[in-house]
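Look at the two complexes coming up: chain A is in both, with chain B in one and chain C in the other.
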Partner chain A sequence: MTLFLLTGIMILTYAMLVCHRIPALIQNFRLQSLFLFLVTLDFAVRQKEAGVFVVAGLLLLVKVILIPSFLNHLVKKIRVDERLGLFLNPLLSLIAALFLTWGAAVFCAWLVSDSPAVVFAAFVVSITVVLVGFFIMVFRMKALTQIVGLLVMENGIFLLASSIAGGMPFFVEIVIAFDVFVCAIITGIFMYRINKVFTHIEVHRLTDLKG
Partner chain B sequence: MLLFSIVIIPVLAAVLSALLPARLRGMANLAAHGVLLALAGILAYRISPGSGIVAFGGVLRADALSAFFILLISLINLAALVYSRPYLQEDIDGGALSVRQARGYDILFNVFAATMLLVPLLDNLGHMWVAVELTTLASAFLVGFYNTKASVEAAWKYVIICSVGITLALLGTVLVYYAVAAQAGTKTLDWSVIMGRAAGLNPRIMSVAFLFILVGYGTKAGLAPMHTWLPDAHSQALTPVSALLSGVLLKTSLYAIIRFAMITNKAMGPEFTSRLFIFFGLFSVAVAGIFLLAQKDFKRLLAYSSIEHVGIIVFALGVGTPLAVFGSMFHALNHAVTKSLVFFAAGNAVKKYKTHHLHMIHGLVQTLPFTAAAALVGLLSLVGMPPFGIFMSKLMILSACFQKGLYGPAVLLLLFLAVVFGALMFHLSASIFGHKPKGIESGGEALSMKLVFVSLALLLVLLGVMMPTPLQALLVAASRLVTGGGL
Partner chain C sequence: MKIPLLLLQAGIAVLAAPLVSGFVRRVKNALRMRQGAALVQPYRNIAKYMRKEEVVSETASWIFRWTPSVVLGSTLAALMFVPVFSFSLSAAGMGDVLSLFFLFSLGRFFLALAGLDAGSAFGGMGSSREMFIASFVEPAAVLAVAVVAAHSSSSAAEPLVRSMGMSFSGMIAAASLFMVVLAETSRIPVDNQETHLELTMIHEAMLLEYSGPSLAMLETAAHAKQLIWFSLLGAILWPWPIGSSSGLSAVACAAFFVLKIILCAIVVGLTEIGLAKMRLFRVTDFLGLAFLFSVLALVVSGLGY
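== the complex of A and B ==
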């Protein structure tokens, strides 16, 4: 079951790299978060811990429902060009992602050599998700893609926390989820402001400050 | 109760700022931050023997190290608050800000203060992570406060780059958690519990975790090469906030790094963290030196100088002897006081000349005599002249370095510091002295600003000439905690 969910997350992560339009990227993020929720739920069912159920529910609320809806709302409101602006085309991005995955696998083999296969797989998938999130932040032009990239990185870390370490302490997970939500809102507000002052949200054109 | 009050007072002040009219608001804030500084002093005094205070069932915990950082934060907070009042009033009179925005500033200032004060008081490393992230989010609005192109750009870079850094730090935190769970089967992120079991943690995982922590929190601490957001944010923020960002916010991230370094040192010996600290420290001082030479913007100049000083502090942590760690803490305090003083002076100058460009700011002595004196004192202190505190802390760090036989790093540090010395003297002496441009009138320094200048300058001299005994006891206790041995 865990392996199935991990595969799902992996496919969705790669799929983010072939997105051309903003709504598609947000939708993809929503699906990835849904799988993250399922991983946590699966864990909660097996552990039979009330706290983990609450954490799973919170993930569903924050990452699957609230944040994607907020981003969609924002995109509609600022009415910008929906194209993502790719510095690297989908094919090359996918090839890069494969290399990142390979790198993550080598790194994890060195780090946790003597762990069971499922833990190893979870480790590799999590690190790959973090790396791809960072990749999206760097190789896509819009401010919105930087927000999504950041959220993807955080998804990777959540996955790592819940699949290898059995979830962080209950209260810690709650505050972190809350913090991620606040962060998404605030970066969203700044994106709105960028659009207002610059009349675009292309971060590579923000070059007033130098030296 | 003491710890709880330190956290709750700025929150209350934020609520009051939202409700009260302007005049009462100013008085309430002043009272709140005055009380905070007093409480920080009491905490520092009470805690000196080396024991910890716990509150709220272990959620809040303070030892000498936290007490020192609380003292640092509340001191600079109070100075920034007193300076803000006339600074904002001028902006309101000049039409740059509305009365409503000034209220917003007061609220944000207090929220920012609350998040910073929370960081050193949280025992749980996950909670601490959240608090550090909240400091970014709270201060982002203060960076982008003027809503101009430059300030919005700076705020965006600040939020995004620091959030990525912080995310990497979360990865490091999760790895530490994993290492603890794998070793003892205990699922905990409480620092005090982890410290008790750190000796048996898997060194390989801990080394990777610490790397993530250092790069992650190091981004927010302004270590090169992750510093790129810093000059933008620190130069575009409102001046009192620039002082807070440079003076104390960088240090709250350093605090987080120190906490993790203590665990890592116990798990795998001090060699590993020491080498990393020395490398990143030297690299930051070198990068700062190069950018300082070519700098044209007054506030950016000071921002790069902050990178330099963070480099020195981290370098000293890497040297790692009790004297070096003592010096690094002392340097953190000296730098915070000095940098606030110079930033406040820079803020006045920038307002007077209506430009950030160094080559257009000349003859401060004639236009703003008090500010010029403050800038001069700050400048001499920044470059490490006696009788100011930074001279003493640099001396401690360098002699510790030589004592330990680290000749190469010590010589490199001295070389980079010489570059910084030249750059700062060259740029700032021209601004302080020189001929004032035509069309700029003299005068216009508010009494409360003068008061801040004088008290900070006096404090600098005091720190350089004779360190007060209670402060010395606190620093000894804190550095003893960090090195895990006697002094």
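== the complex of A and C ==
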């Protein structure tokens, strides 16, 4: 079952690279967070710890409901062009991501050799999610997608912590959840301002001189 | 003893295949809060086609007239190769899973020729699109199945799934195969079964010139092909034993098979509801993703997981 959910996260992570429009990317992030919530719930049920349930609930609230809704609201409000500003087309991005996953898989096979498939899969998927989040931040040219990239990276780190290390301490998790939420809101407001001043949110054009 | 049972199994599967299409439609209509057609509507359609007169274009050659038989025949032969109710009942001695793809290609080749043969503009367009999509689908499907086969070190359908169990590479291969199934059964992100809009249809465009019993044969073949893909997907996703080796009775095997097909149908229906049809040139991204998952499965399988 866990393997099934992990494969789902992997698929959604790759699907993010095929997205052409911002709302599709946000929807994809919402689904990925939902799968992450299910993985955490599965973990909580097996561990039977109240703290993990609270962390899972917090994940559902913040990353599945609040942040994507806020981002969607932001997209509507700044009325920006919906296209992502792709630096690499989807197929090339996918091939690049394949190499990232390959590297992650070789690394993990070396690190956790002879462990069960679930541990290996969790390791590979979480490292892939982190790397793909990084990839989105670098190769997608809208400031909004960089927030999504950051959030995806955070999802990967959360998965890594909860599946490998048995979760971070309870208070750390809560603080991180609020941190991420506040971070998303602040960067969102920041972007609203950027859009007002520059009339676009394309990162590579921010250094242009304004007359 | 084995051959009559094999034929019986194939016969039951062909008769039940339109039910799967009807069920997927029921799922979609239930989700849309619509009443929808009855579960047996595909049977009614086929019965209606059988009663109708057949019209053949004057310019059409023998290819046009023979194609329905070739397509239905190759699909029925393919049905023998997949583990439907029980692994011990698949024609494993006669060929492996790759021969399944060859049989599909045979049917597709003739169907594409027949689309061109009648000389209508839409038929040719449908053929060219079908071939365009097939050139993306086939590598992904073959590679996905090859990975699963490599994992069990055999390409025959019988040990293919029995010795596998759930593995990470198998799951990724199943994801790839699922996208292939959507494309091959002309489902929504690639094609749309529910509309006959000339500019977007792919599979239906090739069948546009057919009528009467020929159309009934081609539709039956399409339903059977869908059942084959669903059972292959089900066998890889949930590789729990069916067949004599597990000591289950034939009834239990059949019940388990039906359960798997129902699950596949529900998932396919949900996917269709959730997605919009893609522009034809975006389909390369979709099927490129499928191929990439196959390669990914190969990588993971190479590491032994």
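As a working rule, the second predicted complex is superposed on the first by the 205 of 211 C-alpha atoms of A that agree within 3 Å, B and C clash if a C-alpha of one lies under 4 Å from a C-alpha of the other, contacts with A are read in each partner's own complex, and residues count from 1 in each chain.
Just so we're on the same page, a contact is a pair of C-beta atoms (placed from the backbone, for glycine too) under 8 Å apart; a residue touches a chain by one contact, two chains touch by 3 or more.
As the structure is a prediction and not an experimental result, all values here were calculated from the model.
**Q** Once both complexes are superposed via chain A, do chain B and chain C end up clashing or fitting?
**A** They fit: once the shared chain is superposed, the two partners occupy separate space.
**Q** More residues of chain A in touch with chain C or with chain B?
**A** B
**Q** When the shared chain A is used to line up the two structures, what angle, as a multiple of 10 degrees, is there at the CA centre of chain A toward chain B and chain C?
**A** Taking the centre of chain A as apex, the angle works out to 160 degrees.
**Q** With both complexes overlaid on chain A, does A:Leu84 touch chain B (first), chain C (second), both or neither?
**A** Neither chain B nor chain C is touched by A:Leu84.
**Q** Applying the touch criterion given at the start, work out whether A:Val124 contacts chain B, chain C, both or neither, answering first, second, both or neither.
**A** second
**Q** In the overlaid three-chain picture, which partner chain does A:Met141 touch, first (chain B) or second (chain C), both, or neither?
**A** neither
**Q** Output check: A:Leu38 vs chain B and chain C. Expected answer is one of first, second, both, neither. What do you get?
**A** After superposing on A, A:Leu38 lies clear of both chain B and chain C.
**Q** Tell me the contact category for A:Met10 with respect to chain B and chain C: first, second, both or neither.
**A** After superposing on A, A:Met10 lies in contact with chain C but is clear of chain B.
**Q** What's the minimum Cα gap, in whole angstrom, linking chain B and chain C in the superposed view?
**A** Shortest inter-chain C-alpha distance (chain B to chain C): 20 Å.
**Q** Under the contact definition given at the top, report the residues of chain A touching chain B in one complex and chain C in the other.
**A** Of chain A, no residue contacts chain B in one complex and chain C in the other.
**Q** Enumerate the contact residues on chain A facing chain B in the complex.
**A** Where chain A meets chain B, its residues are 110-112, 130, 134, 137, 143, 146, 150, 153-154, 157, 160-161, 164-166, 168-169, 171-172, 175-176, 178-179, 182-183, 186-187, 190-191, 193-194, 197-198, 203, 206, 208-209, 211.
**Q** Can you name the residues of chain C that touch chain A in the complex?
**A** Within the complex, chain C contacts chain A at residues 166-168, 171-172, 174-175, 282, 284-286, 288-289, 292-293, 295-296, 299-300, 303-305.
**Q** For the complex, which residues does chain B have touching chain A?
**A** 124, 126-127, 129-130, 133-134, 137, 140-141, 144, 147-150, 152-157, 159-160, 163-164, 167, 170-171, 174, 177-178, 181, 187-189, 204-205, 208, 231-232, 235-236, 291, 294-297, 300
**Q** Quick check on the complex: what are the chain A residues that touch chain C?
**A** Result: residues 3-4, 6-7, 10-11, 14-15, 18, 20, 90-91, 94-95, 98, 101-102, 105-106, 109, 117, 120-121, 124 of chain A touch chain C.
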